[in-house]
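Across the two complexes that follow, subunit A remains constant while its partner is subunit B and subsequently subunit C.
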Partner chain A sequence: MRKILAIAKINLAQYLVYRLSFVLWRVRVILSLFLTFFLWSAVYQSRLSIFNYSHRQIMTYILLIYVIGDLVYSSRVSDLSIQIRNGAIINQLLKPFPFLHNLFTREVTDKLLNLFFSIFEVGLVILLFKPALFIQTDILTILLMLLAIGMGIVISFFISFAISLVAFWSAEVWGPRFVFMTLITVLSGSYFPLDILPTLFYRLLLLTPFPYFTYLPTKIFLDGFSFQYLGMVGISLVWVVLSYFFARALWRKGIREFSFFGR
Partner chain B sequence: MKRYLKLYWLFSVQSLKVVWQHKTGVLFFMFGKLIRFLMFLFFVMILVKNTKTLVGYTFNETLVFYFTFNVIDTLTQMLFREVYRFRWLVTSGELDGVLVRPYHPFIRVLLGGLDILDLLMLGPYLALLTYFLLQIGLTTSYNLSLYLLLVVNSLIIATAFHIVVLALGVLTTEVDHTIMIYRDLSKLAVVPVDIYREPIRSLVTFVLPIGIMMTYPVKGLLNMLNWNLIIVSLVLGLASLLFSLWLWGRALKKYQSWGS
Partner chain C sequence: MIKVENLIKVYKSQKGNRSFLQDFFKREYEEKPALKQISFEIGSGELVGFIGPNGAGKTTTLKILAGILYPTSGKVSVLGHVPFDKEKEFLKQISFVMGQKNQLIWELPPRESYLLNKEIYEISDVAFQKHLADLIDLLEAKEIVDKPVRTLSLGQRMRAELIAALIHRPKVMFLDEPTIGLDIFAQTTIVNFIKEYQKQFKATIILTSHYMKDIASLAKRVILIDKGQILFDGLLDKLIRSYSREKTLTIILKKSIPAPLLEKFKLPFEYQMPLLKIKAEKTQLLKFMAQYLSELEFSDFTLQDEPIEEVIKKAFRKKP
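Let's turn to the complex of A and B:
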């Protein structure tokens, strides 16, 4: 535990060294919130409801998915591909602390820091623009939402981890990562609730991992506990298992074949 | 001028050769860009189809805004891609090698990396823009001339933004986040800036000024700008260019070379 805390402190210290970078990163993130927030506000200027969502529901959706997205997607695992390419991973592997524990600790620190800032930013938006919001009070619903968020974090981590591991075999990791990030942006419900899509497309989308990152937890919060959502959490569990075994197989194969000169 | 065109051609060919080294990456990149473009287009279409209008603009008008944004955004990325790699030039000391060469440094650090991938994306964007321009039926020569004039003004402002990023890169070595903040800011105008409430609307129109860049050309086309606003936007375009050149000059005076 002391080692974990020490790594977390080092991680925080690194952020404090690159303060400007972190602040600029947060500025970038909040700009994306502005677009969706005001676009949806404009849509509701002349109507009370659209796509079966009231103004209050959609504003809650946009702000909540922003916070959940920050928690699910903030990650340092993309650095891993650089460490593999430049050989720096060797230093990590030789340290008397399991590499994956180190990675996990860095992830948790990163997520907590980003979560803190995103809650602060959303609070600021609520304070400035005073949108009408929906508050969920059912404990069972909140528990199911937290479970879905946990699943989303794990799936996102394993897929992102697997993409970084491509660096064991190819220098072109940025291509798959760019596609993954693009798909996340458009298919996980950041711009709009996915159930406004045509039914067939929506159903096909539910077979992919994307709706389970942020859309499902947000939707559970809005609609409340139901067995339909419990079933969807079940599908996300399948994705957790699949992505875990896939990432583990890649890691084992990659680390066995990995060699580096010059460090 | 002929010499500069030849240099530009050589840098562009070089850039194409570099891109061609990463064929798989290129495929992923194109696929990602296409998906992003199509999904946001789909979102805007489904939204405006259901609401009939977006802040008073019809379906076709909203799409003209969207494609105008894409054309301006893609053109600037295509022309100024080298700016994204500028930080390395500064921190490695390689910028010294550029500054001592007998040509203007902008031909290398600003225009020296023509992005062929954006060039490929530009074709479909232009075709779709033309289609929806015809759909709104306001293509008189006056409207079109004003539209083109304001698009040129947008490109001047975009050029100024990129020169400012270069200048800040020389002064602080911070390029990556600055250029991405510019990108994220400009994305706020993917739809008409009228969606924003005051004072944010005035801020994004006149201070930043992405509204003038992305929204004003289409407003000009739709006869929604009076001459005062047109003159203000042209003056702002010129002023931003002059400011960026002044800042670049100041940055070079303070430049002390790194690394080499």
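Let's turn to the complex of A and C:
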């Protein structure tokens, strides 16, 4: 535990050095929140309900998925490919602390920091525009949502980790990551609820990992506990296991084959 | 302590010199042997120097010993562990210092990195304070540890790096080019430090360096590696004795040498007033001195060993 705290502390200290970059990055993120918010506000100007979503529901959806997204998507793991390419990873391999634990600890610190800011930002939107929001009070629902968020965090972490590991074999990590990020943007429901898509497409989508990052927990919050959602959390567990074993196999192969030649 | 038997490491690398399209559709790899069946043993408390040109396999060997690289075949044992397994107990007892790679966090003062290592290596408060004080003292690094790393000079940074690498007081140290790029003063500080550290804490050290002076002043035993093979493993003195038979005699003359006398010299010489330089085997030189020294008017003379670099070059060419 002391190790984890020490790593977290260092991570925070590093961020503090780059305060301005961090704040500017948040500004970029907040602009996208405003955009989505205003877009949906405009859509609801003339109607009360679209695709079975009321104005109140969609506003809650947009703001909540924003906060959850900050928790789920990993930010630190992408540095890993650079460390592999330039050999800086060697220093971490030499430490008597498992590599993955270190990475995940840093990741969690990032998430907590981001969570703090995104709650603040969403609070700002609520204060400024006073949208009507839906509040969930059912404990069971909240618990299931938290569980789903946890699953989302882990799946996203391992997939992102696996993509970074491509660096062991190729310098072209940028390509796969770009595709992954694009898919996330479109398919994870950050801009609109996925179930407004055609049913067949929606069903197919549920087989991929994308809905389990942010869409599922947000949806659970809105609709409340049901066995259908419990089943979907079950599917996300399958994705947790799959992405874990995939990433682990790739990691083991990578450190065995990589030569760090001249690095 | 360290035992290596028939170690082989083959690197797979992308074939160069092919067109982009060929490369894109059917990438070919070639296998490049980096280590060809090397074996050696290093005992507890020894300080051994690895010598060899770039690409000889020195760093590869160190990386295998530290558990970073997976050996293609052969047996490696360090402190009774298989390095690549990266067991916690093993990693806590070793340290790998790379002159070209930093573990210190760039933006923060070194002390922050030390505190992180304290937790990672599970060092008690008391031990940490003691180790840190010892290292700061040995490296005269008092002013360095609280300045952000990015503001330190290369020499200062290397000292700070060494503290980070040794704060857990490792039993085995791999030092890969610890003095690379440093000026003579910084180089001397580091070399003296390594010497002193080894004396005080009896660590087992393997050192690579391109500066022969470093090796000569630190290691009694050297291992010469070239093209993945060990050319020599033994005492540096012995290496010098078997490869360095020549000395250079330099005479500073007061008066120029008359031509008839010059013609009598049997040994090859360089002569440009006021210097006369003769490079030859010891016995021949002695003979020369006995014969002609009395006939020359000179203000001073010196007798020098071959520079150690020359000796090593000869050893690599395999001719004494």
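Throughout what follows, the second predicted complex is superposed on the first by the 259 of 263 C-alpha atoms of A that agree within 3 Å, B and C clash if a C-alpha of one lies under 4 Å from a C-alpha of the other, contacts with A are read in each partner's own complex, and residues count from 1 in each chain.
By our rule, a contact is a pair of C-beta atoms (placed from the backbone, for glycine too) under 8 Å apart; a residue touches a chain by one contact, two chains touch by 3 or more.
None of these values were measured; they are calculated from a predicted model.
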| item | value |
| --- | --- |
| Partner chain in contact with A:Tyr191 - subunit B first, subunit C second, else both or neither | first |
| Touched partner set for A:Ser49, first subunit B, second subunit C, both or neither | neither |
| Touched partner set for A:Pro176, first subunit B, second subunit C, both or neither | first |
| First (subunit B), second (subunit C), both or neither touched by A:Leu35 | first |
| Partner chain(s) touched by A:Val27 [first = subunit B, second = subunit C, both, neither] | first |
| First (subunit B), second (subunit C), both or neither touched by A:Thr208 | neither |
| Partner contacting more residues of subunit A (subunit B vs subunit C) | B |
| Contacts of A:Ser226 with subunit B and subunit C, given as first, second, both or neither | neither |
| Those residues of subunit A which subunit B touches in one complex and subunit C touches in the other | none |
| Contact set on subunit A toward subunit C in their complex | 2-3, 5-7, 10, 13-14, 17-18, 87-88, 90-91, 93-97, 255-257, 259-261, 263 |
| Touching residues (chain side subunit A, partner subunit B) in the complex | 20-21, 24-25, 27-28, 31-32, 34-35, 38-39, 41-43, 45-47, 50-51, 129, 170, 172, 174-176, 178-179, 181-183, 185-187, 191-192, 196-197 |
| Contact set on subunit C toward subunit A in their complex | 11-13, 34, 63, 66-70, 86, 88-89, 91-92, 94-96, 98, 101-103, 105, 107-108, 112-113, 115-116, 118-122 |
| In the complex with subunit A, residue positions of subunit B that touch it | 22, 24-29, 31-33, 35-36, 39-40, 43, 46-47, 50-51, 53-55, 174, 177-178, 180-181, 184-185, 187-188, 190-191, 194-197, 200 |
